[in-house]
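Each of the next two complexes has chain A plus one more chain, namely chain B in the first and chain C in the second.
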Partner chain A sequence: MTAATGTEHGIGNLAAQGSALAGRNLRQRANAEMLVVFGVFPVIFVFGFLLLFGRLFAERGLDYAQFLPPAIVAQWMFTVANTSGAASAADRASGMLTRCLSMPVNRAAVVVGRLASDAVWAVLAVVVISATGYVAGFRFQGGALAVLGFVLLAVAFALTLTAATTAVGLSSTDPEAVAATLNLPYLALIMLSTAFVPADAFPGWLEPVIRYSPVSVVIEALRSLASTTPSWGKVWPAVAWLAGLLVIFSWAAARAFRRAR
Partner chain B sequence: MPAPALAGGPGEDEAVTQPGIEVEHLRKEFGDKVAVADISFTVPGGTLLGLLGSNGAGKTTVINCLTTLVEPDGGRAAVAGHDVVAQPRQVRESIALTGQFAALDEVLSGRENLVLFGRLLRLGRTGARQRAEELLDRFHLTEAADKPVKSYSGGMRRRLDLAASLVVERPVLFLDEPTTGLDPRSREEMWQLIRQLRDGGSTVLLTSQYLEEIDRLADRVVVLDDGQVIAEGTTDELKERVGGQVCEIEVPVPEKEAAAAALRSGLGEVAERGGALVVPAPRARTLADVVRLLEEAGIEAENVALRKPTMDEVFFAFTSDGTQRPNAERSGV
Partner chain C sequence: MSVGYEASVLAGRNLRRFLRSPRLLGDAITFPLILLVLLLVMFGEVVGGATDEPYIARLAPGIVLFSVAYSCVGTAVGFHADVHGGFQGRLRTMPIARMSPLLGRIAGDVVKFVLVTVVTVAVGYLLGFRFEQGVAAAVGFLLVVLLFALIFLWLALVVALTARSAEAAASALNAPVTLLLLVSTCLVPLSAFPGWAQPVIRANPLSCAHAALVGLSSGGPVLVPVLQTLAWVLGATLLLGPLALRLSRR
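Here is the complex of A and B:
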């Protein structure tokens, strides 16, 4: 049968086509700009915030060098997702998406390729930020399993955000407008979280919002996984949040994908 | 497994049975905008059909329906014998699309683009690389093969785009405005390549805004306007109905009456269009006749020129000479 032997069906085609597209995505963005975004900015952020707040929080008994890097990781997961959303818009604008969809290529390969390349960027960011943090005094204190959990949770966070930014990206053909639009929720969500200061530093009426924001919950889970006492109690709310959001964002992304012709 | 049957394309004796493209009462709406109202046409296997129309006439929507990118709201269409709605996968295995906007990765080189598409079509790394080499050679892109596509000229880009759609040869090709925006020389090159494909036995659906392009390449023409077929036939039939070449004469306004009279006496038919006098000019000789008649009448023309009919005139001809709009009359067919 044609369908059985074609190039569109089955896990083998999906894997091969997904990896071809992932390679292309990585190759496409392996440029000077991404080197700065992933090699230089994280260093500036880690040492910059440490210089700003390190001594201030030391007075309150908070080790800011241990507190900060998980937040910078979360911040960079937003960067990975936002860049991905803009890339989706660019693929739609250039006709690349149209060409792929007019070929007998597995329908999911475009998505799989995008997720795979985003996962690579996310892991790269985690490595760079952890290494920078290490120089500043940050340590993974909970053992190998906790480190693995840290990386997995960070990547899961990035990919969940990517589902949302893909939905936005595929609804547009203007990558720059998408990047600008996505900066707004990113800034609001990261500012209104426990990324840079503990929840009790916010006004009392805002504190519950900060504490239960998914961004805070994920960052607290990352902090827990890097601490001497990794706690499942801190991790499962993050997993629950991400699972829930992933369902909603994937639905939105799938809908945008169907309309992006 | 379709590969063996597809690889060779239709042979001479198969051409009759090889199914091409069949479109019956196709309809597509986007919101409350009707992009395609009711379009029917057939492209016999191994022939090239030109879809002629201005921007917004519905050309790209027809292509998008036939390439399974959008689902039609009404009617039916089959490509290479497969229904576009019921068998989209089989359709995609039988077609290649070269879009209006060259769908290439700007950052990757020409070679990398072709290898990517080869890998997506499961030729394997080695197979994809080999095929890329062949295509680069055939499309005269070997020299620029390792430069990023963003440094390519418009003509090189279109050639690479066409090459990308031939990574695996398919029996049916869709070329959506393949020469829009190209300089005359690059256009001529593209025409040559398209002619080769047609002569190689491919079924080709070509859209264009240019009458000349269709004239040079197409076996048959379908003229679209406002989501409907307003004329169809061979290029010769079409030209005959439009009226062919004309001679356009511009004279000072006070002398227009006298000039028209002089031309009418010698050539018979004179029309006025857009302020200029127009006479049919089937032969270049007409030009000499016009100059002579004006001279004898003592009128100095501002401009005398031979001109092929424009798209405007095609539409003018087909929408005003009583050609029925097909919605009501043809719906029973």
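Here is the complex of A and C:
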């Protein structure tokens, strides 16, 4: 047991140590692969899906260029969370986690550092996708406050998902296995939502599932915030879902964190 | 010993590694099935409603081709591990043909593709996909898939031999292959694309092979798309084959 050195407690220590760890997390992943994932892939997805479905949906009276970017944003929030889960497993495997816990460091700094670096990736993704969308014809039509809400909701979505992937990541020491495990629910959740296709285009028996999926609720809220008439009625269900899920996922993550030592 | 024998020994080794890894096997089989079911549910009404054919007749061949193309990511990662894990170095000290390790990798993967094709088609059958052109056409279907796979196998070998890490190899292939799927006729008909993009969509190797597979299953022109696919395969083999061989000598 290390003697207390006075650097474990207090909000100042937490902020300083958290930001130091966040910086480390960001530097560690600032490589060519992440550039492809955050710089090239979103562009491919936005334009690829537009090419694919732009015309088909125009015939149904849907402006796909306005419809699609919020969905790509949600998709990338999953990517942020999934890579974060794999990184947690890697930190546990490499001894980084044990090292942090053995030093006179605020425990919560590990968590804060992870969340802060994920938030940076999430904001980056939102900016890249919105800019790509802008070229394709997507517009924020609801004013500055709605844009802020859009970014905050997207980041909140990413961090809620991160809590879940952290729980998975910290119960494993194999980052590849974590990535593979997380891929399946991600694909199912994003495809079985209103991300790429509106709910009424799904088979009737599946429609309620699609409509009430929390992923759809968040995406519809993002769409509403980007539209000419942002409506609180669309946003509050998303906030409620995220708050509820965050409680459950944080509890699971905290449990995995205690057991990971 | 002949190149054929050496390659088959190495192919057997690669195949056993695949069959004995529950995760690799599971990924190879579940990935196409999940895509097939989810995309059918997602796009069946939108795309199927815009054409007179059932959507599964388009989607099942498309998913077979995409799974085969996408599995080149796994091939590249596995081959990269062989090159950097010392296995290739070991082989090089042995009195075997230079070509054998490359051919062994390709032959082992071809068996994997047969498996993926059979499973995907079987599930496609449950969802309404049918071979309406007879048994010979069904065999032709499989042959076109295997020929098509060669394009991406050569690509995977070249990428694996040049990439600095396994992750770099995977991410170098991931984006282009996904893009190729999106800009092909595997998911929506050619007429759904804007006019300026149509020549590009039509020339995409996935579109060529897809047209051939649809012709061999539901019906339609076969000869021209098969010849186009062959042209892609020949081009890839003549260009990437010698390149892979040269890179593997370094």
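Before moving on, here are some points about what is shown:
In this section, the second predicted complex is superposed on the first by the 256 of 261 C-alpha atoms of A that agree within 3 Å, B and C clash if a C-alpha of one lies under 4 Å from a C-alpha of the other, contacts with A are read in each partner's own complex, and residues count from 1 in each chain.
Throughout what follows, a contact is a pair of C-beta atoms (placed from the backbone, for glycine too) under 8 Å apart; a residue touches a chain by one contact, two chains touch by 3 or more.
The model shown is predicted, which means the values in this text are computed figures rather than measured ones.
Model built by superposing both complexes on chain A: chain B and chain C fit together without a clash. By the touch criterion defined above, A:Val197 lies against chain C but remains apart from chain B after alignment on the C-alpha atoms of chain A. Of the two partner chains placed by superposition, A:Ala240 touches none, neither chain B nor chain C. By the document's definition of touching, neither partner reaches A:Ile248: not chain B, not chain C.
Of note, the Cα-centre angle with chain A at its vertex and chain B and chain C at its ends comes out at 90 degrees, rounded to the nearest 10.
Of the two partner chains placed by superposition, only chain B is touched by A:Arg27; chain C is not. In the superposition on chain A, A:Val135 makes contact with neither chain B nor chain C. Using the contact criterion defined above for the overlaid structures, shared-chain residue A:Ala58 touches neither chain B nor chain C, since it reaches no partner.
In the superposition on chain A, A:Leu148 makes contact with neither chain B nor chain C.
Across the superposed structures, the minimum distance from chain B to chain C, using CA atoms, reads 13 Å. No residue of chain A touches both chain B in one complex and chain C in the other. Touching chain A in their complex are the following residues of chain B: 1-2, 64, 67-70, 89-90, 92-93, 95-97, 99-108, 112, 116-117, 119-122, 164.
The residues of chain A lying in touch with chain B in their complex are 2-3, 5-9, 13, 16-17, 20-21, 24, 27-29, 31, 94-96, 98-105, 109, 261.
For chain A in complex with chain C, the touching residues are 32-33, 36-37, 40-41, 44-45, 48-49, 51-57, 59-60, 177, 180, 184, 187-188, 191-192, 196-197, 201-203, 206.
Contact residues of chain C toward chain A in the complex are 23, 27, 30, 34, 38-39, 41-47, 50, 167-168, 171-172, 174-175, 178-179, 182-183, 187-188, 192-194, 197.
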